[in-house]
Amino acid sequence: MGDRIELDFPARPDYLALVRTVVTMIAAAGSKLPDTRIDDLRLAVTEACANAIDAERRLTTGHHGSVVLRCWVEPEQVVIEVHDGAGGFDPDHLVPHPPPQRPDRLQFERGLGIPLMRELSDGVEFRAEGGGTTVRLLLTSDPRR
Amino acid sequence: MASSERDGWAVLALSGEIDIATAPRVRERLYALLAEGRERLVVDLDDVGFLDSTGLGVLVGVLKRVRTQGGELRLVCTQPRIVKVFEITRLDSAFAIFDSIDGAVRDGSPS
Amino acid sequence: MGDRIELDFPARPDYLALVRTVVTMIAAAGSKLPDTRIDDLRLAVTEACANAIDAERRLTTGHHGSVVLRCWVEPEQVVIEVHDGAGGFDPDHLVPHPPPQRPDRLQFERGLGIPLMRELSDGVEFRAEGGGTTVRLLLTSDPRR
Amino acid sequence: MASSERDGWAVLALSGEIDIATAPRVRERLYALLAEGRERLVVDLDDVGFLDSTGLGVLVGVLKRVRTQGGELRLVCTQPRIVKVFEITRLDSAFAIFDSIDGAVRDGSPS
């Protein structure tokens, strides 16, 4: 069945280092994901948490939100959910970047987070939950690519 | 972030983990070099342990400004885990990436 | 007001290393506790979590419990609560150890955890909560001792 | 856990973090040395980064058995954070604690 670990932390960038440490330790101890796959996991989770933190901090309520990281660690796979309460968005209507050859690609300094998550994971799902967003990332020890 | 001078290039060596917490300082530092009129920049990523999309975005922004000023930006990057971030975003084709500072400051096109 | 961080983890000894890493990182980043005081915190929290894990594992229900670590980090102090759902106990009726000079002291290989927590902390409280125990540890940057 | 032989003493060097996850292996190893008939033991704690009450309990248990067999247990421990654990439990007065393996294997009482 695997282990379940949950971490709730303040929606602040300086907590990303803690998130990476936790995810790295639990994946290394509880799964057979090779190191390169744990690198992928660390980056995908950082992107999801950075988006959650950004969204929480865009709220003008002055309320300092928190972000919830939920992890399920099994020998062959790690599932991580990142949940925020920052209102949500529509992941199917994001403007894609121009290809890197086109000079106007350089106008886009942002918008790489979700494409990176999709490339790095064996599955990414977004769902609305509790007035915000939950991103679910699946990484297996034997990736499809 | 240690910066030095090599054959007319300003070399900035980054280290540690670059994410939304630390990227703003990297951006500031690079923009300060541009503001000083430095037009040929080498950014050494070989001591960087982690690079996320915000870090990539900073480098894209610097590349754009350098080009506008008629200058040049070169990266030094050999660590597989960092190279991979450029590859999967296809930004390896937007940047001039070198194996060493020596290679980067030598004239000519990327090897 | 300070930061609040919560970690839920499986009641297994191999999670103690993760707990220590989390506690060390958040105390180093968010409080002015000196390193020696963070050492004290790490040991006190390990003792509290080890007791929670022991108690969860003594349950014969075959149910694999979890332990909850709740942290409040402020510049001048760190408060950590460790919660288990393992039935509880009476912390006021523990048998004290004989002094170290007496030869029968060596009969006691256990029972040092709670005395250690009391020595290391600026305050320890036990309370019954949710069918189990919550231990609350307070460590300040300027200890009373 | 590396064990060696020094002037008739069996020296066991512990390392890493000793808690309820790792103490059982330490206990096994020490009891195995006793079972082999080793009666003079030195346990070197200088590479131990963390020691909790379970680790102390293991050492108390070994001390008891060693004394029953008429043998001797000596500890090497100089790191302040580990020394402190013995001090606040007052077990520094139950154990013979030395500054070095050399000091521990020399005849006579603890310095």
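Per-chain residue numbering starts at 1, and chain names A, B, C and D are given in the order in which the chains are listed.
Convention: a contact is a pair of C-beta atoms (placed from the backbone, for glycine too) under 8 Å apart; a residue touches a chain by one contact, two chains touch by 3 or more.
Keep in mind that this is a model prediction, so the values were computed, not measured.
The chains that touch both chain B and chain D are none; no such chain exists. Inter-chain spacing, taken between the CA centroids of chain A and chain C, is 31 Å. One inter-chain figure worth recording: chain C and chain D are separated by 25 Å, centre to centre, where each centre is the mean of the chain's CA atoms. The distance from the centre of chain A to the centre of chain D, each centre being the mean of the chain's C-alpha atoms, comes to 46 Å.
Multi-chain contact residues of chain C (touching two or more other chains): 14, 17. Every pair of chains meeting the touch criterion is listed here: A-B, A-C, C-D. Partner chain A is touched in their complex by these residues of chain B: 17, 19-21, 50, 52-54, 56-58, 60-61, 63-64, 67, 80-81, 84-85, 88-91, 93-94. Contact residues of chain C toward chain A in the complex are 3-10, 12, 14, 17-18, 21-22, 25-26, 29, 66. Of all the residues in chain C, the ones that touch chain D in their complex are 13-14, 16-17, 20, 36, 39, 42-43, 46-47, 50, 53-54, 99-101, 105-110, 112-113, 115-116, 119-120.
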